[in-house]
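Two complexes follow with chain A in common, the first pairing it with chain B and the second with chain C.
Moving on, here comes the complex of A and B:
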């Protein structure tokens, strides 16, 4: 009888620890998850915007724009992300405050969320630049030429032809970037931002239930990935709607 | 949308009485680095003219056509489209670029270009390809563009392919679709850049038939082609280009019947 109750007691204990209501730590983990997702979304979105400009600069820009884009992608991709994050997080906020003080304004407290998004977005942008540049190059040039020949302005052409036509070529790379973005949020733990990993560490450290909390965190990251895969698969299917399946061309 | 209504209100029929100059080009030069592809070509097309340009590969005929809607910037020369002189400025490297992007866009939106490789937009269905420029460049209402687009697809025999993506159509179908896309902008002039060169031999006929029908209804066209027999049948004026200059030009009977230049005689012999 006593033996039989050990395992259930252990599991109930685990559930008690993970319960969303105090004294359980579930609410902390979920709060961390939400913050991680906010940063991942923001950074990925910012990366897409930077990447669009970056790829256009590299492909169509003048010499200065091309060089600037090349320096940006080279530097960001050369430096380890962790170093980049620490550098930008501390040096970046310090720089902004120095500039503000120099201009006679008050120092500001930059929220961890915004700083996290900007730092990771800056890193993502460099990779997105290359993904989008490759995708734009994969568009048959005749389609771009047709858009020019029919009097489309550069902005209209980007919106109606270039972006939708490059999407199927970009999606596998962008899906990678999104998944990397969700996991890179964990790096922000080193600068003290309470995202999922830091919340997990705190919960585990306090309760000494390391296995329980890190397994739970792992499950949450896995859940993000699985859910993302479903969405990404649907988006890719839609983006490729005009293209015959690769199998047919085998 | 019955056939009778469509015919009565066909917005594509150019006025038969007009004889204004649609394209006027003087002394066009085009240089790619050290290579001078066009060495002073002039031409003029009035409304209703069908001008065919023939010549060997590398003669500059495609480049000439692409200079007309500024897919290539001519190095020098006068280009007047719809009576409007295109303003050019120096690019600082010995060439010139259009001074006003909007003028070029406006002119382009009145020239219906048909490419050798069709160049339909692959992410759009056929009907979406056809209404794209009327709706997004010319600002036509979607319903109206749709009605016109469907009429045009019927004309080129592709009503059944309305919602099909280009990748699922044959070359001949894609090229007929591309012609419908060009017609949808109600072009002042149709520009054909070797429209049948990329087609399988058995598909050439269906495309030529559509083009011949357009010529018959008095549409102004500029046609770069390798199809000598076809050029002879549909053109009102033929230009033979060799090494970037017009070696000989004239009405087709004259040009093909009694060619004067030795080169043209030789060219006609090798082609036919």
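Moving on, here comes the complex of A and C:
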């Protein structure tokens, strides 16, 4: 955070509000940012796991697994994230508690962090399924056939051949998903989880400096996006090393 | 229909190997194997049990409100998609071939819109701008003031800007993807620049962007419930109100999800029909 003493007098008021020490609200915003990032990481990771299983179900699964995966991706991608979040957040926790009570256990209080990760991860999983499915199909299929001819078990084949070979094809889509994941955490503000957007709203509502705080929150989100796209670009370049560049291939 | 059949009859002998194998008469049997029939039956059973065992007695009471919310959602969707697209064309054009003083701001606009959550943009406009306006007497006195006091102009503005930001990036790619030879031959015909744009560049760019446009329209539909957070009464906010009034957890949300599914289906179908209008050659 910028030191208030070197800022000209006209906008010091704004920076006082954003300062991380007590009268300022900077610490709240940063705490919200950390929570947002936790959820984004968790949801992205969970989405990757669901996506891996989902893409395998879609490509190699039996007819029923294939249809179920298709229903999952279609439904989740057609229903608004906000509705999914409300549906899973309230109805999901209610359902779990009813099942637990029915089985004779006590009600559990599901923490907002876990619920947020599960809900967003479930949504991310549908998109990740499609991205990974396309990436697996983009691998030269001879490589997979060769692995199968060597008698590799499906897990070994996945670890040694499929996942490393599909990574360069999947990375652009996954990079997009990561950016969506960071931005979707804002939706959890609607269900009352105090991540960056809700902290911003509370700070703005208390101080009445709406413009300052929303601009600050926007700047933080933009910083995350720009910073991660720099990193992702580097990762993608590294994963694609030795492959012809996209521009040349065209 | 008969025309298409006649053409395919003529084409069949020329085809060296069948490309359109899937479109044969036996497609119904291949689409409905036993396991899928079972899945459909399970789905129907779920729907039936939802209809029978859940409480739907609130429906008649809120019917009018639901229709109003549905209309508001569709209205916001259509208006923001059309306005956003109109804004996206210059944004894309500026980035694809504009001078630097236009390209850089357009690029910055798209980056900022795509880099921040829509919810923050919406709240920035509604709470931020909305709290600034009353401080200026000339705005309070202007004829626009009755509109600026309502929530929907901010919702439309935020969603339009968001759609323009995402679509501007798509249109940039689409404009850049039109083959140079097309534009050069148009110039060789002596077409004025605007005619080239109107007759050659824009139609081909839209054709390229059309599949993405359909996807973006669905994404836009999925962003509309956010306007409920700034007190615009759309389909989502009607469902929240029903939940608050009746203390029902599942029923309004399920109805809401079905509503959005149906609208998504309609959007996808409309775009597919538009895509079919444009002749295209499959290599």
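Definition applied: the second predicted complex is superposed on the first by the 236 of 250 C-alpha atoms of A that agree within 3 Å, B and C clash if a C-alpha of one lies under 4 Å from a C-alpha of the other, contacts with A are read in each partner's own complex, and residues count from 1 in each chain.
Here is the rule we use: contacts are C-beta pairs under 8 Å (C-beta built on N, C-alpha and C of every residue); 3 or more make two chains touch, one makes a residue touch a chain.
Remember, predicted model here, so these are calculated numbers, not experimental data.
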item	value
First (chain B), second (chain C), both or neither touched by A:161	first
Which of chain B and chain C A:153 touches, first, second, both or neither	first
Touching partner for A:230 - first (chain B), second (chain C), both, neither	neither
Overlap of the chain B and chain C footprints on chain A, listed as residue numbers	none
Chain C residues within the chain A interface of the complex	33, 35-36, 39, 111-112, 114-121, 123-124, 127-132, 218, 221-226, 229, 236, 249-250, 253, 256-257, 260-261, 264-265
Residues of chain A defined as touching chain B within the complex	140, 142-143, 145-153, 156, 160-161, 164-165, 167-168, 239, 241-244
Interface residues, chain B side, partner chain A - complex	69, 71, 101-102, 104-111, 113, 115, 117-125, 132-133, 136-137, 165-168, 185
For the chain A and chain C complex, residues of the former touching the latter	63-64, 67-68, 75, 77-83, 86-87, 90-91, 94, 179, 183-187, 189-190, 197, 200-201, 204, 208, 210-211, 214-215, 217-218, 221-222, 225-226
